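Reading through the structure tokens given below for one structure.
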Amino acid sequence: MKKLLNDPANLVAESLRGVERAHPELRVDHENRIVYRADAPVSGKVGLLSGGGSGHEPAHAGFVGPGMLDAVCAGEVFTSPVPDQMTEATKKIDGGAGVLHLVWNYTGDVMNFDMAAELAAAETDTEVQAVVMNDDVAVEDSLFTAGRRGTGAAIAVEKIVGAAAEQGRSLSELADLARRVNDSSRSMGMALTSCTVPAKGSPTFDLPDDEIEIGIGIHGEPGRRRVPLASAHDIAEMLVDPILADRDFTGGEGVFVFVNGMGATPNLELYLMYNEIAALLDKAGIVPVRTLVGPYVTSLDMAGCLVSITRFDDEMLRLWDAPVATSGLRWGM
Amino acid sequence: MADVDTDTLQRWLRVFAASVAEHKDELTALDAAIGDADHGANMDRGMQAVVDGLAATPADPAALFKQTGMTLVKSVGGASGPLYGTLFLRMAPATGGAASLDPETFAKALRAGLEGVVARGKAEVGEKTMVDALTPALDALDAALGSGQSLADALRAASAAADEGRDGTTPIVARKGRASYLGERSAGHQDPGATSAALLVAAAATAVAEQGAA
Amino acid sequence: MKKLLNDPANLVAESLRGVERAHPELRVDHENRIVYRADAPVSGKVGLLSGGGSGHEPAHAGFVGPGMLDAVCAGEVFTSPVPDQMTEATKKIDGGAGVLHLVWNYTGDVMNFDMAAELAAAETDTEVQAVVMNDDVAVEDSLFTAGRRGTGAAIAVEKIVGAAAEQGRSLSELADLARRVNDSSRSMGMALTSCTVPAKGSPTFDLPDDEIEIGIGIHGEPGRRRVPLASAHDIAEMLVDPILADRDFTGGEGVFVFVNGMGATPNLELYLMYNEIAALLDKAGIVPVRTLVGPYVTSLDMAGCLVSITRFDDEMLRLWDAPVATSGLRWGM
Amino acid sequence: MADVDTDTLQRWLRVFAASVAEHKDELTALDAAIGDADHGANMDRGMQAVVDGLAATPADPAALFKQTGMTLVKSVGGASGPLYGTLFLRMAPATGGAASLDPETFAKALRAGLEGVVARGKAEVGEKTMVDALTPALDALDAALGSGQSLADALRAASAAADEGRDGTTPIVARKGRASYLGERSAGHQDPGATSAALLVAAAATAVAEQGAA
């Protein structure tokens, strides 16, 4: 394993020191591994909390700032943070209007956020609601399983709800909006290579030079199926077809298309993928109105990409365009 | 045979921690196949923290379980943190505040812990999780105690049942946890959480047997 | 080789189609492989042109937009574009105040830009000046060699001169400013792994699992020396020490520190590197006032990082903070 | 022996293009060791474009050289594009507009081309570039022609000298081009540009020998 680190056990802690030094507009609670806005809590505003395992940068700390999240909790690499972190973060960002937990749908994250909400209810009188994001069509949407993973939709959810929160909307309005954006989003990912979790020190899975994984998540886990290496054209179909089969994306204001790099895939290739994806959407009569191409929700050094599509209504479009100032997404301020 | 005292319970935790440390790479390798390659690191981090806290351990089993559960919840994260944490947290009240636990109370506490795991994780037997090791283990424990065996013998039976339950996870198509994302591809791999759970039961058998021997 | 592409020979062309589709605020001249602002030429404003080989994304097209570059030319992967492209781009962005060529110092880039300037002088009456950026301290600064490579400094030069150009400054003022920012910048890079050039199909060099390259450029070329794999702490010293030995960075408004990912290195590790770098700067009495951490000038899928430090005076700081709207860098608009 | 006509010059370009295509991977591998792994792709792209343009080639050598040079400048990029492009662009005026070139004029044109390369790239002999193959080649050509040899023989001598010059680049520590970034580490590797330049001279020898034979 070749990584820029000192001791794998300290990777997350030392990286958070770097985040603190590099971003005077953020604060870091090192004991609880919380990254939060320097101006938190914003009085009268609903606080937005998310987070998850580390190794997905810019997610999650890259989306903390005005117009997006108020705080995130950082877990170990690919490991959900723990309830204490979330409870502490909830307290830090409670400006009196309650706190919304935006939870990526993974068993660990959901259980830890659940426990945090229980703890917060016992320890404080902060009103907490949680919305679980689950957009990944590679996995069957079923009540009897862990359900779909939260992957690319989080960007749209966190950005749009973040903008709405700045307008002073109520906790339940924001929770409804978060659910609406999540429901309007579908995603599907693929891997060209595995990634290497620092604590393990070797690739999570072996992938021969002529095979790829289709239907991966964002934790370097193997995908739904393994297929022979294919052209970008064919891969685009393998990702877009199941997304379009799962939901109607026509109408509204058009769609937001997010082509996410998994970590080691150059933007040169991601734009080429977007070219293929846009052609497929064209054919289906679906109109992209906003796009985002680049590594935003990564799996360490995995090569591959994840496509996420959100149907925008006019409110979602307006809120997407509203100012945001985070290290990962920024415009208008 | 004497009731289970806090010394034995501490030994249980130490033996489990040592066993997790020893099997850390194996647990991670199992998780790499159908998960995200962190179960060994997660459990090891958590059990080290538990053992580090033992020096300051208060005297009664309920306090020990509560501290263990809270430490696991605080330090593990992922799916296994809340699950193992809940297991111990739920054991605490089931002790009824006793200074040491008779076999039935110990078994009752473990059962309460398992119920906590199921309440938290919503997994049934046969979904390829730690529940598949814990459930037959506690069933075997109850049965053995019911038929008059010593706690040491009953835990040996429980450990054998846990191992069998763990082995039984291999052919299962997962419906809970990260392995469920793999669909059919999850079949043919042993569940990491069931593997660590079998170590937990084996550690109890070892610790109690040593108390018996001492 | 595993990449998201159809045919390596069409990679750049197809990727530019994706850029065009994803960015309505940009225009793409596919014949000449030019990416330029939709509002070009901006009347009365000096046009800023850069570019180079492909494979460095977000550089170069990611820095086209208001407040930064007016156009870039895209070459084949790691191959300088050709004079015709640059001449054509120069015409497209000439708003009557001349065009400044910001050239990354590589033999090929310099010669092609030279020929373009000669052609432009022969064919048009556009006033053209060129500034060569050469900040890489791994290479000896000598008149008798190809000299230092242009690496990280380009971000500061292009951003700052871009902001000054928006203010309507003259061509020679902007050329002077570009030289000043370049002279105030030094960089040093390292690789953990090689990258794979698509047309070649295998890694450019073999690097054993326990060795790293120190003093690399941005084209996947081997570095100045090969050393045993080291801790982030020691690597930070290997990069920062030669930078500080080469120039005085104290005084002024402090420094801009740029920790660039080479492509496959997670931001998690880059922030950890920044933590180490900031500690070294502290010790040297050097004060970071602005930072940028992430993959901005990449070498395809190479793992590693490049550290670039620019001493800011008050004008440079003000211009750095001025609004910019490109897909790679954006704030204030 | 007849002067060099445009047929032969076209054959030179075709032989060179074929030879570059054949050695493409070798040129790229040499460039990977001390550069950026694109010299084979660059030269191949350029010479394919040159050959593709040959059908429409105007009749005289100057026009052919000019078109070749412009095509290379337009299609190659990198360092080799402007350098090989300039080489051919500078050969054009040195032909004096002749319909076919006598050996001295051909040699003079090549010399003008080399001077263009040096003016553009500022490399001296011994800096590990294509100049290290071209310079001894043209010196050998002049010397052989001066001593009364046929152009075919003289080009054979030039080709041998180019090969020798190419081989001589191996021990050199580069001072120009991308290899210079490697410092001492550039020693021990043959220069890719000198390698393609030796192919260019060898192609001329082949093409002229075939004209002589025809």
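For clarity, chains are labelled A, B, C and D in written order, and residue numbers in each chain start from 1.
What we mean here is this: contacts are C-beta pairs under 8 Å (C-beta built on N, C-alpha and C of every residue); 3 or more make two chains touch, one makes a residue touch a chain.
Computed from a predicted model, the values in this text were never measured in an experiment.
Participant: Rounded to the nearest whole Å, what is the centre-to-centre distance of chain A and chain D, using the mean of the C-alpha atoms as each centre?
Facilitator: One centre to the other, that is 54 Å.
Participant: Provide the C-alpha centroid distance between chain B and chain D, rounded to the nearest whole angstrom.
Facilitator: 75
Participant: Please work out the Cα centroid separation of chain A and chain B, and write it as a whole number of Å.
Facilitator: The computed centroid separation for chain A versus chain B comes out at 32 Å.
Participant: Report the inter-centroid distance (CA atoms only) between chain A and chain C in whole Å.
Facilitator: Going by mean C-alpha positions, chain A sits 29 Å from chain C.
Participant: Which residues belonging to chain A are in contact with no fewer than two other chains?
Facilitator: Where chain A meets two or more other chains at a single residue, that happens at 77.
Participant: Residues touching two or more other chains, restricted to chain B: which are they?
Facilitator: Residues of chain B never touch two or more of the other chains.
Participant: What topology does the chain contact graph adopt: line, ring, star, complete, or other?
Facilitator: Chain contacts: open path, no cycle.
Participant: Sort out which chains touch which and give me every pair.
Facilitator: A-B, A-C, C-D
Participant: Which residues of chain B touch chain A in their complex?
Facilitator: Per the stated touch rule, the residues are 28, 32-38, 41-42, 45, 73-83, 120-121, 175-178, 180-183, 185.
Participant: Please output the residues of chain C touching chain A within their complex, sorted ascending.
Facilitator: Answer in residue numbers: 1-6, 11-12, 14-19, 21-23, 54-55, 57-58, 62, 77, 192-193, 209, 212, 229, 231-233, 235, 263-275, 278, 288, 291, 293-295, 298, 300-301, 303-305, 325, 327, 330-333.
Participant: Could you please specify the touching residues of chain C with respect to chain D in the complex?
Facilitator: Against chain D, the touching part of chain C is residues 53, 75-84, 106-108, 111-112, 114-115, 138-140, 144-146, 149, 197, 199-200, 204-205, 215, 217, 219-225.
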